[in-house]
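Each of the next two complexes has chain A plus one other chain: chain B in the first, chain C in the second.
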Partner chain A sequence: MINMIETLISGITYSSLLSLMALGITLLYRTTKVPNFAHASFVVFGIYTSYTLALLGYNPYLGTLLGFIVSGIIALILFYALLEPLRRRKSSIFILMMATLTYDILMFGIINIYADYLQTTFKIPARNVYLAPQDFTLIGLKGVTIVSTSLLIVLLMLLYILLNRTIIGAALRAVMENPSLAQANGINVSLMLALSWFLAGGLAGVAGALLPMYMMTDPSTGMLLIAPMFCASILGGLEQIYGAPLGGFILGLATTVLVSWLSGVIGYWIMTYSLMVPYITLIITLIFIPRGVVSIILKR
Partner chain B sequence: MFDVIILFITDLLAFFGIYLMLNTALNIERGYAGIPNFGLLFSYAGGAYITGHLTAKIAILLTGAKVEADPITQPVSALMVLNPILASNPLISIALLIIILLIGASFGALLGLIQLGPAIRLREDYLAITLLALGEVMNYIAIAYKPFINGSLGVQVPDVFSWIGSRYRFYLATGIILLIAFILYIYAEFLGRTPLGRAMKAIRENEIAAVSLGKSLTRYRAIAMIIGSAFTGVAGSLWTLYSGAITPTLQRFDWTFLPWLMIFLGGIGNNLGVALGTFIFVLINRLIIFNKHLLAGVLPFDIVWFDYISLGLIMGLILIYRPQGILPEKPYIPKNIRRKIVVSRSQE
Partner chain C sequence: MLVIEKLNSGYGKLHVLYDVSLTAKRKEITAVLGPNGAGKTTLLNSIFGLADIYSGSIELDDERLNKMPPHMISRRGVSYVFQLMNIFPNLTVEENLRLVARFSGMNHKDIENSLKEIYDLFPILKERRRQVAGTLSGGERQMLAISIGLIKRPRLLLLDEPTAGLAVRYVDMLIEKILEMKKTMDMIILLVEQNVHKALKIADKVYVLVSGRIIFEGTPSELVNKEDIAKMYLGVG
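Entry: the complex of A and B
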């Protein structure tokens, strides 16, 4: 029973982190209409921001703030260097998708060089980033659980206020609904898209900064997580921003709590197949409910 | 020095051959039929793993050798019996090679059929994500299901090239890879000129117009996917036979993303462009890896990562300045139609 509660808490932590990442993917899909493969890199830059802070002797939780800025800037570079020139040339969505993939590969090289540099200069294992031993505990809960869930709630509220209560949010929503009409009304579409990339990159950076507290990470963690991120975002529904946390929690709890419960009922061998859950879920969702769980809820 | 150069060229050509097969397959799927197959790994890994699973078993059947060890879990003792028999029997070796390649092709085609489900229904971007996810599943199955290729330990396969003598083994393997790659290339070029290939291109250009002319979307996409996946399966099979062992660690980056970058570099839809793009790409990649030791002590990082950065930069520049590739696709007009065009122009 205690084991089950522990799994549940761990599942909630994972779901919160996954939701933060998926939120960015959904936001970008709504604004730029492109599935962003470079999200993997945004997350990894977050991981190494908090790791660097921890190495320098600061509290790794400061990494959430710095990670937001670092990954936001990484996303902005992608937008201004690749996507904006391509968008101006009226390239197809497919080309934009390839561009995000290209940028991801470039950034994968850069972050690996950084990890190698840390490793040779400071003689530390920079390829196995795990900060959980430095974590604090409060009333029996791990710090990462408290921080990730509360950050998710706070950031969701801030995002809601930004989108629904400010003039910038109204402009951003206008760009999501109809970019050309928004442009005709004098909204700077390019600036609004850049804002959405900064926000999405920042959210991924926050999640990345918290990840080493939860699990063992390395430069390829982003590539491993890209499928769960897409899955959470599509499962929730790409048409609604708030579908992302919904999908994140369904998928996050399914991969942790459901699988661990099944392994007790059916047998331990099922655990070896647990890594396939996000992929299978993604495929089934896309074939049967391509508009996500939100579409079912909104229909009623 | 001379030996080193020969070694480098053999290695380069083997990689070029494998990637050429993959890229022609991708060119049929994406260049002709417009299917964004981001799940190349699915049928490639499928072909590679089924070869790892079956080669020793078929070799036992063909040679009639008495092997008590299980070829999957105890490959070393099984190969101690099988390899000498294969080395002294060129005919059996070649028969084994052909059977394995046929199995690789049919298993690849079967996996292509599985990918078809989503390929027919979904929009381009959703489809790319689905196929990407599907590609990853193959590795997890191979890791989780031990009897397939012995889990994450992987499996060694009997050597079907060793009958020529261990000195020339890699040359023979490379030659066969190049030969098969060339055959598939010619086939793809031929396919592009047939009515079948042109119907695929018509669907890629404008689905609605093609359907209104009675071309079935499902049928042509299915054919493209099956042909492409069969090619990919053969490439996977040859990769396992060439390297002599396989572990479930085939990476999405190497076997899906790189082929995509190569066909973008060369020119999607144009087979010659694809071959050129493949060659340039493999040459840069192999040169960096081959000369890795020169810079090993100088830089504080592994030079392999520089490969990723250069690939990313080249690709970014291509996407912005030359999205059609080095050699853009030229429309192919069959002779009889070309004549009609000339006649109608002269009448005007």
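Entry: the complex of A and C
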């Protein structure tokens, strides 16, 4: 029973982190229609931001704020250097998607250079980043559980207020709905797209900054998580921003709690296959509810 | 006044308009007629910064619009009602209107007054104000699209085939409304319309565009008298 509660808490932490990552993917899909593969790098920049802060003696949780800014800027560079010029040339979604993949590989290289620099120059182990030993506990809960779920709730509320209560949010919604009409009515579409890239990058950066408190990470962690991120986003529903946390929690809990429960029922061997959960979920979603779980809720 | 002089424009290497000159005045409806593929929509796109301008000038009240991006042209008081994709389908009717009004820099009082004017012009939209725009009928959508163009009280309203694909009762009603707009609102209306008979009824001035060139400029009655043009290109006369 205690094990099950621990697994559930761990599942909630993972789900919160996954939701933050998926939120950015859905936001970008809604504004630009581009499946962003560079999201993996945005997460990894978050990881190394909190790790660097920890190395410098600061509280790694400060990395959530700095990670938001760093990954947001990394996303903005992608937008202005690659995507916006391509968009102006009316490149296809496929070309834009390939551009995000190319940028991801480039950023993967840069993070590896940074990790190597830390390792060779300062003899600091930078390939297995794990900060859980530095975490705090409160009423028996790990700090990362409290912070990740609280941040998810706060950031969702802030995103809701931004989109529904501010003029900038109204412009963002207009761009999501009909970019040509938005532009025709005085909205600077390019600026709004830049904002959505910054926000999406920032959200991934926050999740990345928290990841070393939860699991062992390295420069390839983003690549490992990109599939679950996309699966959570599609499972929730790409057409609805708030579908992402729903997808994140369903997928996150299925990967952790469901697999753990199944291991007790049919044997531990099933744990080896937990990585298949996102893919199986994705296939089922695409066949039976291609518009995501949120579309079922909205129909009611 | 809108003054276009010797405009050459198109899309990349596709040259569509050749030496097009046109003037349109306030409180008047200027209709641009012509067969399919003549370049009518490209003319509107050129005014609104959505096409490439190779040479010539476009001036609104002596201010040059050439080379301005569409959002800046919009802020200069130009509204463009597209033929298709001209509403925000997942927002309610009133959200559509308020959103555009807010971005035109209007204050709260002006927005409320402008909304009242719109609802007076199209009472059905007031009834439907809380309805999601994507669920409106074709005619109601077009009324909303025109209202989106009107809400910020533009100096120049560009209408691209507002009656295309509508049921007859909506066509007559919309044409009447455009006439009412001309009388009550101080703006230039540039109307591109396939329905030649209807356009000739309400226009003060008519241009006929064929293969990217203006081949006629005059009043509707002068056009009807030019039997060769009216019959060959417009099917009237």
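One rule holds in what follows: the second predicted complex is superposed on the first by the 300 of 300 C-alpha atoms of A that agree within 3 Å, B and C clash if a C-alpha of one lies under 4 Å from a C-alpha of the other, contacts with A are read in each partner's own complex, and residues count from 1 in each chain.
Operating definition for what follows: a residue touches a chain if its C-beta (ideal position, glycine included) is under 8 Å from a C-beta of that chain, and two chains touch if they have at least 3 such contacts.
Since the model is a prediction, treat every value here as computed from it, not as a measurement.
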Room on chain A for both chain B and chain C (clash or fit): fit
Of chain B and chain C, the chain that contacts the larger number of chain A residues: B
Touched partner set for A:N188, first chain B, second chain C, both or neither: second
First, second, both or neither for A:M276, with chain B first and chain C second: first
Which of chain B and chain C A:L62 touches, first, second, both or neither: neither
Touched partner set for A:L106, first chain B, second chain C, both or neither: first
First (chain B), second (chain C), both or neither touched by A:A81: first
From chain A, separation angle of chain B and chain C (C-alpha centres, steps of 10 degrees): 90
Chain B versus chain C as contact partner of A:M215, first or second or both or neither: neither
Which of chain B and chain C A:F230 touches, first, second, both or neither: first
Smallest separation of CA atoms, chain C relative to chain B, angstrom: 16
Residues of chain A contacting chain B in one complex and chain C in the other: none
For the chain A and chain B complex, residues of the former touching the latter: 34-35, 81-82, 85-86, 89, 91, 93-95, 97-99, 101-103, 105-110, 112-113, 116-117, 120-121, 223, 227, 230-231, 234, 272-273, 275-276, 278-280, 282-283, 286-287, 290
Contact footprint of chain C on chain A as seen in their complex: 167, 170-171, 173-174, 177-178, 180-181, 183-189
Contact footprint of chain A on chain B as seen in their complex: 36, 117-118, 121-122, 124-126, 128-130, 132-134, 136-137, 140-141, 143-144, 252-253, 257, 260-261, 264, 300-302, 305-309, 311-313, 315-316, 319-320, 323
Touch list for chain C against partner chain A, complex: 48, 70-71, 74-75, 79-80, 82, 85-91, 99-100, 102-104, 148, 152
